[in-house]
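Down below are the structures I want you to see.
In the two complexes below, chain A is the common chain; its partner is chain B in one and chain C in the other.
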Partner chain A sequence: MMMLTFQMQLQESSSRLMYTSSMIDHMDNAASRVNKAFSLAGVGIPPDSVCVYTGTDRVVFRSYWDSASDTLSQTKHTVEMKIASVENPYGKALIISQDGTPLNDLGTIFYIENMSLIYYDKNGTQTTQPALVRSADVLLTFRRDSPWNPNRPLRSNIQVKCFFMNSYLKGA
Partner chain B sequence: MGRAILMSVLLMTTIYATILVSLNRHISGVPGVLIRNQLLKEAENVSDFALRNAIRNAGSVEFLDSYLQGENFVDEIIFTQSFNNFRIGHCTIDSIRYSYTNSQAHYKVKTFIRASLQGVNVSRDAEMAFNYPFLTLGQSKPNIMYLEMERLILFPWLFQGNNKLPDSSGNDYTGTANGFSLISATIPWGGAFSRYCTKFNGIDNYISVDPHPDEETGIDSLNTDASFSLLLFAKIDKNGRQFYTNNQGTLLWIPSEPSNSTLRQKPCAAIWFTNSDNKMHFAVTQDDASKTTLEASVSHNPTAVIFYWILGIPIFNVSFYEYPWCSYGLTYNAGVLKAYINGVLVQTVVGSNVRAYPSRYGMMIGRRDLRGSGVGYSDYKYFCGVIDQAGMHDRALNGSEMNSWHKGVMSSTLIKYIRD
Partner chain C sequence: MNLMEMVIALLAVVLFTTLSLSYNQALLRQTDYLNNATVVVQASQLCHAMLDEVDAKLFSGQLDIANLVSSYNFTNNVTYPHLPETFRIVSVASDCDSLGRALSSPNPNSLFKRVMVSVDGPRALKYPYSMTRVYTKTNM
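And then the complex of A and B:
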């Protein structure tokens, strides 16, 4: 009995540990990737022309930075971030695409159920006008099936404040 | 006996509990992800420090002088400052790369950091640029017509309308790509550039630009009047079309009277190359009584191989980007024709102070505009090579402007950015 209990405790502890650490790692990577996408928006673009679309669940901006090769390019690119349906078992994913093509470097981030965006101007005042946007609060809701009960998914939220660093560099 | 079993159970329970606590402390207490996070934060701080110092160094005259050591500044300088075990905390600054273009005021720096702790390794690079060259978009104002050829044209012979090259000037002189191209008429410049250019196989490829007559005058739609400029970039195939090498090649042609057997070889303005004597020709026909053609003829030796030929069939050389681009320009002002190659004045021809013959038939890029009877295939002088940035200004650009245009296309405008 004691051996069985011990085994079960170990299994429980391991699965919790696995889930927690992998989820933290995944959330951390996702937040870093989203932040990087925002920070490279607007390279070579006048600050008031960076954003093309600023929705609550989708954002589109321009940049001369080529996110696919991670280098400065001489072509203007359009970067879009949105939640899109993907094939099972993931259901939904955050897609970061450049000129319509998802990026290879974490261009598709799984286990994300929802993204909510709130935009701010250079004074930190909330705005909805694309020309004024200089930063955004990105709220990501991660969803993953529980290792103990697949019918009860676990959700974790993370909030990241992302800045258009290159717009600020130009004086915003 | 019972007491012994009880003691044994207590002992084993204690051992199991100790193992579990130990597991929790060692495994779940400090998982790798937390170590990685800690390292990333540390690397970010060190990277900021390194980047700030690098930017300060790059902007300092003394710093660059210490590298140049009395040598003159050349067009581009790139050097890497390496460090030997430059450690800050768990981070190591490996190197900083400095890049300068054109002058000390135009630079960027890139830092390379790595960090290591308990078997977890992370690396981080960051870069920042100030006034760094960035290619211009080909906009040149005021102008009449400017084809950047940035559009990818796939199967132009297959899809109607998929052969249009928009005019960047906004004057709507759309270019139309003609002739058969197996895959794409336009291709990227390659190398460090992301521009597109157009292929001309020397057989049947050309771009036509239809005239837009002025509503008031009815003529002068491409304004070859008393003052104008023509310009374009090209890589001229040094051999030209196989079996027709002497046909090479018309770069740009604004006809005077294409159906008139006397005037059709006297263009309002044109730039062409002849293989037989390896010369570039820049010509303007004046609107005087005898329709005098001013012509500048300059030796020019193309080195590019744009097409390989197999029994007369052109095979595009995918390594064409290795050959240098050349720009060709022509200005006409009050009877003075000036020819430019690569932004440098190469010849001046002075005629009488009259306007150029007025244009009414648009422009051809890649062949001559000859019409009517008595015109043979070889008369068209199809161009073999690649062409880009073809345009016309409504005034004569001066030498400095020509040079700036050439450099502007080949180098860039200035940009500052940060990636951190």
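And then the complex of A and C:
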């Protein structure tokens, strides 16, 4: 009996550890991807026209950078980041889409339960006006079901500060 | 149960307890490493954010590279409610050579400046996480 209990505990702990270790890598990749999306915003666009929509859970911005092919483009693109429902078992995902089409290169980031955005102007003061936004805090909550108990999901939070570098290059 | 059987039963209990203890300790260590790794991801983002802020201000002209050393030498304790953790952020800016090695004596006219950001604080973070960026004056 003792050995059985011990083995089960060991198995659950190992499963949790495996889940957590893969989640850490996923969090790092997601943070890098979000940062990349922001850093390529506003290429060829005046700083006060980069952001189209700045909501607490959704952001839309413009750029002449084609994020689908990772090249400079002749046409203006609209990039949107939002949390959307996807098929089970993922539940929700962070979708990065360009002109309405999710990007192939990590355009759909799974295991993200929530995203909150806080925006700042060029002096670091919090703002909600799209024309003034020059950087943003992206607060992400990652969630995965526990391998044994779905009522006790594994959650991890991360906070990423992203700058609209192209706006700063134009004098902010 | 005779005495020998009792001794064997006791030995079995001791053996299983020792085994259980050693496995649990190994798991605890592993969990500790993973907790540390989670915080390292966050710490690296904080370092990036600080250095990106310097980049942004230099790009826009809000900060002159000559004022980098005087503006980016500080220690801040910052609480992030979303995480929720408090991190100590230490920024050390100095004059350096082209390879990022600090000069033995400060030289305000140096073409190269270095900013090193270290983050520590949460108990899970075993060692401070540091990131360094070298800035070069290109506009004479």
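Going forward, the second predicted complex is superposed on the first by the 155 of 172 C-alpha atoms of A that agree within 3 Å, B and C clash if a C-alpha of one lies under 4 Å from a C-alpha of the other, contacts with A are read in each partner's own complex, and residues count from 1 in each chain.
By definition in this document, contacts are C-beta pairs under 8 Å (C-beta built on N, C-alpha and C of every residue); 3 or more make two chains touch, one makes a residue touch a chain.
The model shown is predicted, which means the values in this text are computed figures rather than measured ones.
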item	value
If touched residues of chain A are counted for chain B and for chain C, the larger one	C
Which superposed partner A:Ser15 touches (first chain B, second chain C, both, neither)	neither
Touching partner for A:Val43 - first (chain B), second (chain C), both, neither	first
Which of chain B and chain C A:Asp28 touches, first, second, both or neither	both
Touching partner for A:Val160 - first (chain B), second (chain C), both, neither	second
Chain B versus chain C as contact partner of A:Tyr64, first or second or both or neither	first
Partner chain in contact with A:Ser73 - chain B first, chain C second, else both or neither	first
Partner chain(s) touched by A:Leu169 [first = chain B, second = chain C, both, neither]	both
First, second, both or neither for A:Phe6, with chain B first and chain C second	both
Residues of chain A at both interfaces, chain B in one complex, chain C in the other	2, 6, 10, 13, 17, 20-21, 24, 28, 165, 169-170
Complex contact set, residues of chain C against chain A	16, 19-20, 23, 27, 30-31, 34, 37-38, 41-42, 44-46, 48-49, 52-53, 55-57, 59-62, 80, 82-84
Residues on chain B engaged by chain A in the complex (per definition of touch)	9, 12-13, 16, 20, 23-24, 27-28, 31-34, 36-37, 129, 132, 134-135, 193-195, 412, 415-420
Complex contacts: residues of chain A adjacent to chain C	2-3, 6, 10, 13-14, 17, 20-21, 24, 27-28, 31, 35, 116, 122-123, 134-135, 139, 156-161, 163, 165, 168-172
Interfacial residue positions of chain A with respect to chain B in the complex	2, 6, 9-10, 13, 16-17, 20-21, 24-25, 28, 39-40, 43-44, 64-65, 72-75, 165-166, 169-170
